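First chain A sits with chain B, and in the next complex the same chain sits with chain C.
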Partner chain A sequence: MRTDVQIAICGSAGEGTIAAGDILRSALAAAGYRIISFDAYPAEIRGFGKCVARLRATTEQVYSLKEKSDVLVCLNDEYGIPQVGEVRDFGAVVYEAKSITTLAAGAHLSAHLRPAQIPYPVAIRELSERATGATRSRNLVALGFLAGLYGLGVDPFLRIIDAKFKNKGAIAEPNRKAFVAGQQAGSQAFKLDLVSFGQPSAGQKSTILSGNAAVVQGCLDAGIDTFFGYPITPATTIMERLAVEMPRRAKRLVQTEDEISAIAAVIGAGYTGARAATATSGPGLALMSEMLGLGTMAEVPCVIFVSQRGGPSTGIPTKTEQSDLNMAIYGSPGDAPRIVIAPTNVEGCYRCAGKAFEMAERYQSPVIVLLDLYLSNRYETVVMPAAPPFEVDGDRLASKKELGPGYRRFALTKDGVSPRALPGMVGGMHVVTGLEHNEMGRVNEQPDNHEAMSRKRHDKLLHALHHPDFTQVKRFGDEGRVAIGLLAWGSTFGECLAAMFRARTEGVRCAAMKVVMMSPFPVEAVAEFIDQCDVVLVPELNYQGQFAHLVQAQTGRTVRRYNRVIGAPMPVEEIQAQMRALLAGDERKAA
Partner chain B sequence: MSGPRRHVIIGTGVAGNQAAHTLRQREPDGSISLLTLSALPFYNRYDLPKVFRGIHDWRGFLVDPPSHYEEQRIELRRCTRVVNVDAQRKVVVLAHNEELPYDTLLVASGGRAYLPEELSEFRDLLDGFSSFEQAMAVQRKLPQGGRVAILGGDMIGLDLARTLLDTGHRVVLFAGKFTFWPHTEPPDQRVKLLDVLERMGVQIVDAEGRGGIASIQAGAAGFATRRVVLGDGTEFPADVVLPSFGLVPSVEFMLGSGVAIERGLLVSPTLRTSDASIMAAGDVCQIWSDEHKRYRFYYGWKNVRSMGELAARNLTGEDEPFVPVQDESLHEHDGTVIHSPFWEYA
Partner chain C sequence: MPTSPVYLEDKLREVRESGRMEYRSRSLPTWCPGCGYFSIVDGLPGALNEAGIQPESTVVVSGIGCSSRFPFFVNTYGFHTLHGRVLPVATGIKTANEALTVIAVGGDGDGFAIGGGHLPHAARRNVDLTYLLFDNGIYGLTKGQTSPTSALGFRTSTSPYENADPPLNPLLMVLSYGATWVGQAYAGRPQQLEALIKQAIAHRGFSYLHILSPCVTFDKTDRTYQNLGMHVTEVPAAHDPGDLGAAMRLALQVQTPALGLYYRESRATMGDGLNALAEKAMGRGARQRAA
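Let's look at the complex of A and B:
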């Protein structure tokens, strides 16, 4: 039986909502289901604000979360009540059976259930107290109830609970007990909802990773030598994970005093030939922009992971957005080209992370890997390659012949990539400066030189459009001419793909193209795609339509935009509605 | 009084559901809350024997689709237990600690299956059949051709017996004073009716004549899961044991409300209780009968539905008395068929 179940767990910060989601997705992944999950949480650390952990467990490949959940677990009525609407008809709502305070009319969650939703009031607090003597394991009780209700195997849950809490003192055992108490209650409940789990599909062994965890694995598999960073949501977990893993590999990670120091140190390390990286978000990228220009000017390989969040300024730190594309591509003084790549899913995070080091070395350039909060925090089951698929050394180092008194670090070569000398290489002495320079690296402000060097810095990057084993763009759906095409980048592509597949089931000839290489831009491939579509829709999570601007500027073709800044993934249904409106020629409904 | 009225109805059986719909028709602006212990919207409990005919999806028992409540703007509060009615404050107190104010309250909580005191210690070995969940539990428990022991044999239980026989199961009826409840049949008629049941395939056991039901025992491994033990020591194996002793009104939450209660809520012919804001309808109430000069219950789907409709009408300006709409007599035809008005619904 095919499985496609989306579960949302809602509670207040500090109630263990995200932890419950984490255990659930890990257990279901361990059981063999494919998982895609994404958590929404407030900016505050604890005690305030709503947390929602959502996961979709399937036996088939899916590309996005569903708009409607099949099951909602509410640990907190105040926050749970607004979420009830996300549960589909004949789906389940699990909630605390009894309040400990007297509630005004309508303040209990049961007052907000739609008649087609199936209520499961559970004495969550009481079960936790009975099992553990305290109420703080309510999240585990709720999780156990789900396991019991849907007949999910208990062992994966207990293994994951043990692993998760093994270093947290004596709380593993109470959490186990709470889970078991909930599981027993769930197994005794009469299941009335129309949600069911079939057998997971037996297939390749998969791993469940978040986007940021995949980035970390990509860095490690690509042989990262050093990392400098400053914490910022939603990129922090990249540094946190690397801080654990790099020392085990005798590699160094330094938390610097700010983002400017971080990028400066990365450029310094890159200059020495080390594979160096940093990770930040939009505000951090803004601080790094001047030094990034140095990276371009000095042609230093370096990798910057940027996970976008709601902006501008401090913005909405814990909500997703795709509004740093312009800054990633253009955000430096002067004409400062750099490579910008944007993965569309968790597996892409892994590949882009590793390939970023290759490209940085091969094209002697900063490479920005542009993520967003939805992708950074999204978990998916991925099949990891048996061996790291990354080139461990892509440096175009100067040969003995090129070194010596006449060594030209910035030689104007056919492909624009100059022979690089690392510090200490005999005969490799040269000048490096942020000022415009000649082939030797010496300051030169002459117009002809500036034009030649600008051309060099731009043209060498065009070769990245043919970088081996790297997917620049990929088309899905119908071949040839189609009625409508979706052009998307980053995390939104999954929703676009889901919308495209749904449209095809409605008989619409359509296709979707993901664009991973944002700079340099794959003009020909994108233009060809646009030319094969009667109309092209570009959905993205920013207000300005930054990618649509880029596409139009680069290709000279017109596309239709659909922009949302809702702090959450683009709803598939909205993309479908836009497609329908465009296909019907209804300009008013099409945004 | 200003603003739309808040009507609260306790119970989503035939009476409560009918009252809600009639109220909505007659008072478009009022708020209507229907409270029920059930997790499901109103469904036809009379149809529950159909679980043995392959209907296992609860949606197949719904009287109205779930969307109907939203369309009618009827708030349906499921899994909601009322623990108290504070008639002075006009507040219904719910078990989960919520207080629900009302302008008018209609109690239509119906009745629950009655279990004689002497059998209460065996409760865990008995099955119910008054909800979809219980019906499905029995269906899952009962093997093909399995044996069902029906204790008492009220008309609800006998209706189930008919289906069980049709679907290849065996039925043992432990007859006694509750057999044919709520009908009260003279002894000669009762003998005839039991004969008919026997001809239909029901094994009749005169439990009262054999010392009554002494106990219910768990069966031994490899045998039927239950044993019904009579006072004379005789044992009868069964896969499922169903008590079928009629209904007792669900009025516990009304104790302390100040509303007059005998066995059920006592209401006037217009279904008004002793509290001006509270009415009652259905199996929960005893209606004053001028004819019988006493308060009495009126059972049956048609009567109950009529009460629900009347209560709503009287809540919205009318003042009409309840007039029974259902014949209460039990007949047998040709010695092979029993006809009860309580088996008629819809």
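Let's look at the complex of A and C:
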């Protein structure tokens, strides 16, 4: 039987909502289901604001969350009431049966259910108290109830609870007890809803990872040597995980005083031949932009992970957005080309992270890996390769013949990449400067030299468009001529893919293309795709249509855009509505 | 005046045979004739030569400004970076390759204005590098504007009436930030300067040498050779370089700047700290096995 169940857990910050979601997705992944999961939480740490943990467990590959959840668990009435609407008909709503205070009429969640939604009032608080002597394990009681109600195996849950709380003193045992109490209550409940879990898919062993965790794994597998960073949401977890993992491998991580220092140190380390990286978000990238120009000018390999959040300025730090594309591609003084790649899913985060080090070294350039909060924080099950698929050393080092008194660090070669001499190498001494320089690295402001060097810095990056074993663009759906095409980048591609597959089931000939290589731009492939579509729609999570601008400028072709800045993933239904409007030629409805 | 005549030929032979020219590049300094920085570009090669540090295992890193052109004039690896960013770039280099001798150079604007946020952290972390700060109290490369060490009342093109902001006290700052070697030199006393550079490089940890130097082109009134020569004094022989309080009191003596070693302390470097961390993370002994 096919399984496709989406569960949402809603509560207040500090009630263990996100932790419950984390245990649930890990347990379901361990049981063999495919998972895609994304939590929404406020900026405050505790006591304020609504948290919603959401996950979709399936047996088939899916690309996004569903608009409607099958099950909602409410740990908090106040925050739960507005969420009730997201539960489908004949779906389940689990909520606290016995509030501690007497609520006014209409204030209790049960008054807000639709007739077709199946209510499961559970004495969550009481069960927690009875099992553990305290009310704080309510989240585990609720999880246990779900496991019991849907007949999910208990072992994976208990294993994950033990692992999660093993370093937190004596709370593993109460949490276990709370889970078991909930599980017993759930297994005795009379099941009325139409939600069911089939057997999970057997097959390859998969791992459940967040986008940021996948980035970390990619860095480690590519042999990262040094990391310098400054905390900023939503990139911080990259540094936090690396801070655990890198010292174990005798690699070095330093928390710097600001983002300027972080990128400066990364460039210093890259200059010595080390594989170096930093991670930041839009505001940090803004601070780094001058130094990135030096990276381009000095031709130093370095990797910058940028996880976008709502902007401009400090913006909306805990909500997702795709509005730093322009800055990632263009943000530096002068003509400062660099490589920008943007993965579209968690597996892509791993691949792009590893490939970024390869590219940085091979083309002697800064490489920006552009993520966003939705991608950084979402979890997916990923089948990891048996061995890291990355080249660990691709430096074009100067040969003995090239070294010596006439050594030219910035020699104009056929592919634009010049032989590097690293500090310590005899006969390779030279000065690297942010000033325009000649092949020897000496300051030179002559017009011919400036043009030749500008050409070198641009043209060498074009080879990245043919970088081995790297997906630049990929087309899905119908082949050949189609009525409508979706063109997307970053996390939004998952929703576009879902919209495209649904449109095909409605009989529309359509296709979707993801673009991973943002700079240099794969002009030919994208132009060819646009030419095969009667109309092309570009949905993205920014106000101006930054990617649509890029596509139009690079290909000289017109696309239709659909932009939302809602701080959340693009609703698949909205993409579908835009597609229908465009197909019907209804200009009023099309954005 | 010397009692016997000194011939140029003899001097040239002496310099050539000393080996210090190995550390000089073929590019001639672009500074104005009479600039105090010439003593520094002479002092560093001398110090490196005497210490027996190979040119190819030395990286001279700089920011932007007159002094930051320095890497072009020495024959080592060089990195001429961005305005104010010499210390973080140098920190990155040292972190990635501990075998290199890293010399950071920069001016007062580079180090105390735009780059002022980096100095406390390089000092407290005790990054094992030497920072040579060329302080002429003015922005020379942009043709004479006020700097954070310009005197109160000093006139420049950006303070045409007078400088209304008091200067900061670099030595006092660096001492309180936790630098483990702090000294002051004067471009007009090249032998002492060279000796201090040598000591600073030999120090394991963050060494800071403050070098007073006149800008002969844009400062005709304040920090001239004449004025500096009249006012500089020596660090008293009785001064204890292990006494931080005494060093700070010495740094407060701004009207008669004392030349010499102010403070010296032996403390774990950033590299030591990172190694200890790795050992902790890997379990004792595992690090050696991995290496």
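Throughout what follows, the second predicted complex is superposed on the first by the 591 of 591 C-alpha atoms of A that agree within 3 Å, B and C clash if a C-alpha of one lies under 4 Å from a C-alpha of the other, contacts with A are read in each partner's own complex, and residues count from 1 in each chain.
What we mean here is this: a residue touches a chain if its C-beta (ideal position, glycine included) is under 8 Å from a C-beta of that chain, and two chains touch if they have at least 3 such contacts.
Please read all numbers here as calculations on a predicted model, not as lab measurements.
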item: Clash or fit (per the criteria above) of chain B with chain C on chain A; value: fit
item: Which superposed partner A:192 touches (first chain B, second chain C, both, neither); value: first
item: Which of chain B and chain C A:256 touches, first, second, both or neither; value: second
item: Contacts of A:169 with chain B and chain C, given as first, second, both or neither; value: neither
item: Partner chain(s) touched by A:116 [first = chain B, second = chain C, both, neither]; value: first
item: Comparing the two partners chain B and chain C, which touches a greater set of residues in chain A; value: C
item: Contacts of A:507 with chain B and chain C, given as first, second, both or neither; value: neither
item: Centroid geometry (CA): angle chain B/chain A/chain C, rounded to a multiple of 10 degrees; value: 140
item: Which of chain B and chain C A:100 touches, first, second, both or neither; value: first
item: Which of chain B and chain C A:447 touches, first, second, both or neither; value: neither
item: Three-chain overlay, closest Cα atoms of chain B and chain C, distance in Å; value: 52
item: Touching residues on chain A, where the partner in the complex is chain B; value: 89-90, 97-108, 110-111, 113-116, 118-121, 190, 192
item: Contact set on chain C toward chain A in their complex; value: 27, 55-57, 59, 61, 64, 71-72, 75-82, 85, 87-97, 99-100, 117-118, 120-121, 270, 274, 277-278, 280-282, 287, 290-291
item: For the chain A and chain C complex, residues of the former touching the latter; value: 225-226, 228, 244, 247-252, 254, 256-258, 260-262, 264-274, 276, 290-291, 294, 298, 423-435, 442-443
item: Touching residues (chain side chain B, partner chain A) in the complex; value: 39-41, 58-59, 66-70, 75-80, 94-101, 132-133, 136-137
